[in-house]
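The data blocks that follow each hold one structure.
Consider the two complexes below, in which chain A is the common component and chain B and chain C are the respective partners.
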Partner chain A sequence: MTVTPKPTGGVGMDPVANALSIILMIAIIGAAWILFGWNTLVFKALVAVILGGALVGFGVHFVPVGGAPAAMGQAPGIATGVAMLAAGAGLAGLFGGAFAVPLGLLTSVVAGGIGGALMMAITCLFVTLIYTYGMGIPSASGKVKVDPITGDTQAEYKSQGTEGHGLPFSSFAGGVIGGFLGGFGGTLIYYALLQVYEAKLPTLLSASASAVAPVAVSLAGIFAIGMFLVNAVLAAYNITGTTEGFHDPKFARFPRAIFASLAASAVCGIVAILVAAL
Partner chain B sequence: MVENIVIGIGLTAFAGALASVAGAAEDVESDIGSQGDPNSQVQLAPQMGYIHRIFNKAVSGEPPAYGLWVALGAGLAAAFLQVNINPILALALGCAIATLVQGIYATTAYLGRIASLAKFGQPVYIDILKSMTTVTMAHAFIAIFTAVTMCYLMNAALGHPFPLALLGLVWGIALGAAGSATGNPFYGKERQYQNQKFGAGVPVAASGNIVRYAEAGERNSLDNGWFTAKLGGPASGVCFGLIVFLELWRTVLFESFWAGWGAIFVGLILILIFTFIDRYAEVWARETFGPYAKPEGAAK
Partner chain C sequence: MTVKIEVKEGGTPHNTIMWAGLLASLVCLYLGAGLNLAFNAYTFSFFGGLAAVCAIVWGSNTIKTLCSYGIGTGVPSTGYTSFGAGVIAMLLASRVSWYLAPIVLVIVAAIIGLILGYLANNVIMMKIPVLIKSTVELVMVGALVLMGLALMTTSSYSLLSMVSTQTSLLGLPVAGHAGSFIGIAIIAVAFILGMIAVQHPFNATLGPSWQQDRMLMLAAEVGFLTMIPVAFMSIAYLSPLAVIVSIVVSVGGWFYTYNQFLCLSKRDAAAWLDAKPIREPEGH
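Let's turn to the complex of A and B:
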């Protein structure tokens, strides 16, 4: 059996695939422009949804995830899956962002971002506490010799036969940044879709604005969660397995995920918007 | 006004307490079922020649599984509420049905995962199936019921715009994420590899050699649940409880300041506090446990 080694660092961009992604996104944006005009709520919402999706895809790359090896103290990071941890943080952020929607776009998306960052800060802290006080293991990166933020040396704190363990400070910081971007992007998608549904559903369903409000909130919430998962999973495929955060060589792959997220968010976004806008 | 704030804080504290119980029950349930990342070792062990009696129902990660079960419990409770069933009864009934789904999932997942190891000589133990499944269901009911009740409070009492089922999905995924992140290393390293040195990671060469014998007879997953309930479970509970409590607390108490920016500012302060605690623990571990080897370039 031939065993192909896993790519460990940045991998080359495929220009054809990236060009196709951009063409697909431009085609969808162009279609929305022709159908609805550029200075309309629907067009602006589509652009916001695409931007939110790209932010989610980018943010996932910051989240330090070690998967199964981390659960055995064999590799650094949080012992769970990339997409699911990012989703947990982003959706906790979306919860806070949805609370703040009546306060306006900027407040809502920043509140969503802070909600995601807070979830990740608490989770990362408990990972460190479990490793330190439950297992007696110090944090050590397997990818860099020196922590890029604190300057702490790493190699001598790796136990024998492992690639490192725990969460070095840069991974903690990466987790918080990833949670912020995920919460911010997810809430942006939710906010944009909610505006479209609140404007269009009363006509479509021949009902008052207050009567359709629960339907609008539910639809926007479901589509926001769905699009969050689409972008988180795309980013997880790009990362392939585990990452330590922004100081991991795999972080250099993020442009490829952003191209994919732009195209996927455009496709999902136009479908979510056309549910109510046509 | 003051009365509203006091009720809001009370509800926030209650939701945080429910979340703490949910987090603890979720982690112990997943450890008994080996549903977190350490399942890879339970699956690997027979392939390395180590036949065991550990339960393994990991055909899905904890976050999507709990997203499903909590959303199902919440959705069914919402349906019962629509037909004017008493809220407490509606929540209990919805969660009981969701727990039955979890039981079916656990049974089929164990049979599927273990049967796939037949060529390595790993038997399917029917007594394990009968005794472990009911225990995971009991823990799952506690986790689902507390999580759904927490979502009900957020929706009905604190006025969150999301419907109950959607809140169940959001917080179910977050519950699984927090529980697996906090509890997995303790189950994976400290319990499955109890025969390895304390204070060091498991060497890659030892993979699959999980502890299979208990004080008397062969170890099973009830022993693992007993062990992880000592630290991994409570830590996961405190982690998820803090997430829910602080998220609600800063919103309920500070959102009225500076047009919503008060809650954001408090969130930022909390993140900074947790960052300092994390850094303190990291430095404490480095100084207390010391390096495993001399720094590169140091005199030998």
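Let's turn to the complex of A and C:
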């Protein structure tokens, strides 16, 4: 018989581990600098990938996740897991951003952000419709007394024995912000990797740039999805279960997820870049 | 503080499943790629699918080991990590020669998994004793499944065969890139198929009266089920004989494992039916 403590989600930060993760990131950036030089496409792409990964990890914290309790009307948020929602919003954003790549970096990443935000807005809208008219429950937050954006009081609408229910306005707004950040970061990763592959694959495969374009797009896409999922799951581990969005006390944990995302994106990013640049 | 209390009795130990899954998966990869090269044929590509099945069985038990701690994010999130990092390790490994690739894959996946596990355990402070080991295993599983499915689809797991396809134009062989395993994004289909396959078995069987053999049989069943669409996708790349062999192996394997899974389900369901309802005493 084994008795082990159940994870409590942890509070506070481990300074040694944080320092190690930052050292790892700096070491990888330094290695890329020495190997390829600082003013090269590869180095810039690596920095963009790390930045994108951190944005994804940060954005996930805004998304209101209710999990199974929300499906029973006992907790606020969207009734599914963190990783599912983040993947939905991020991948929707990624598709939007990928179509806008020929229009340049800024248009592309903003299009990706809007794609993710739109996906979350539609999800939140229909979740609210189902909660309100399908399940007959009002939207009430259990974590705050007053909605931080609208100023509406919450306690009168909250049923006893629940942690709140439905989708309060701040959670809705937080979901849209999270979708924007996720789509923005995901598209930034995609854009950076696409530039590297479009530059490196023609020599690697000894073929013309137009012939390898589908391969470059597909490789960048699958790596962007992979890195997005890794960062989303790390952020999901940080939230452990349910969150209401930016007004939830759990939101204060986000620095840990950013440290982790920076290091994880650096590791995955350098490996993904080395696939073509080696 | 809540504690996890677990009485372990019977069943195969996790370490046995881990080593068996890893070795069987590697042997299948080498058999498939080696025999294809030795006979200059496509016929042995189905070994890639078998490698994926072995890795999926191993991965499902790893997920059970990890998720019995209650990670709070749902079982599917483990499959996400597994394949999100696995695809990166697998494509780096595909750059080296065929006899080194599976070994490089295991090493690269172990390094990435170690770092991700450390980040989740110490930076995010999950503090789960098996988290680092499980993440290492899961990234390996993801990479092995993808490499196996790539072998099954394209008859090889080298990057060159994954990004190019031989088409014949007026009788002359022409190398193209657009219709290849990566060029047409079949890798994305393999990614999603494998991701669902590795997290589904535990997600579907967890709860009271969970039985290890039933979950592992379901894992094998899902693995063979994954092989069937991959076998059909390989029509574009392999000879008709190789495709027929792949389809026969995957459908046959699926039929057998599904039957076995059904038997095991009936066994466990019968155990449940034998429990008597709570009787209400008369005369109160």
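Just so we're on the same page, the second predicted complex is superposed on the first by the 268 of 278 C-alpha atoms of A that agree within 3 Å, B and C clash if a C-alpha of one lies under 4 Å from a C-alpha of the other, contacts with A are read in each partner's own complex, and residues count from 1 in each chain.
By definition in this document, a residue touches a chain if its C-beta (ideal position, glycine included) is under 8 Å from a C-beta of that chain, and two chains touch if they have at least 3 such contacts.
Everything quoted here is computed from the prediction, not taken from an experiment.
Colleague: Kindly say whether there is room for both chain B and chain C on chain A in the superposition, answering fit or clash.
Modeller: clash
Colleague: Can A:I225 be said to touch chain B (first), chain C (second), both, or neither?
Modeller: Both chain B and chain C are touched by A:I225.
Colleague: Figure out whether A:A54 sits in contact with chain B (first) or chain C (second), or with both, or with neither.
Modeller: In the superposition, A:A54 touches no partner, neither chain B nor chain C.
Colleague: Contact-wise, after the overlay, does A:V233 reach chain B, chain C, both or neither (first, second, both, neither)?
Modeller: After superposition on chain A, A:V233 lies in contact with chain C alone.
Colleague: For A:M25 in the superposed arrangement: first (chain B), second (chain C), both or neither?
Modeller: neither
Colleague: If you stack the two complexes on chain A, which partner ends up touching A:A263: first (chain B), second (chain C), both, or neither?
Modeller: In the superposition, A:A263 contacts chain C only.
Colleague: Is A:L278 touching anything from chain B or chain C once the two structures are fitted on A? First, second, both or neither.
Modeller: second
Colleague: For A:T107, decide between first (touching chain B), second (touching chain C), both and neither.
Modeller: Only chain B is touched by A:T107; chain C is not.
Colleague: In the overlay, work out which of chain B or chain C sits against more residues of chain A.
Modeller: On the superposition, B touches more of the residues of chain A.
Colleague: Under the stated touch criterion, which partner chain does A:I177 make contact with: chain B (first), chain C (second), both, or neither?
Modeller: In the superposition, A:I177 contacts neither chain B nor chain C.
Colleague: Taking the superposition as given, does A:I189 touch the first partner, chain B, the second, chain C, both, or neither?
Modeller: A:I189: touches no partner chain.
Colleague: Quick one: from 111-119, 147-155, 237-245 or 291-299, give me the piece of chain B that collides with chain C in the overlay.
Modeller: 111-119
Colleague: Of all the chain A residues, which ones make contact with chain B and with chain C?
Modeller: Dual-contact residues (chain A): 67, 81, 84, 87, 214, 218, 221-222, 225.
Colleague: What residues of chain C sit close enough to touch chain A in their complex?
Modeller: 1-8, 69-74, 76-78, 80-81, 83-89, 91-92, 95, 108, 112, 115-116, 118-120, 122-129, 159-160, 163-164, 176-178, 180, 182-185, 187-188, 191
Colleague: Within their complex, state which residues of chain B touch chain A.
Modeller: Against chain A, the touching part of chain B is residues 36-41, 61-64, 160-163, 166-167, 169-171, 173-174, 176-178, 180-182, 184-190, 192-193, 198-207, 231-232, 235-236, 238-239, 242-243, 246-247, 251, 255, 259-261, 263-264, 267-268, 270-271, 274-275, 277-279, 281-282, 284-286, 289, 291-296.
Colleague: What does chain A use to touch chain B in their complex?
Modeller: 67-68, 70-74, 78-81, 84-85, 87-89, 91-92, 94-96, 98-101, 103-104, 107-108, 110-111, 114-115, 117-119, 121-139, 145, 150, 152-153, 155-162, 164-169, 172-173, 176, 214, 217-218, 221-222, 225
Colleague: Could you pull out which chain A residues touch chain C in their complex?
Modeller: Touching chain C: residues 1-14, 16-18, 20-21, 24, 67, 81-84, 87, 205, 207, 211-212, 214-215, 218-219, 221-223, 225-230, 232-234, 236-241, 256-257, 259-260, 263-264, 267-268, 271-272, 274-275, 278 of chain A.
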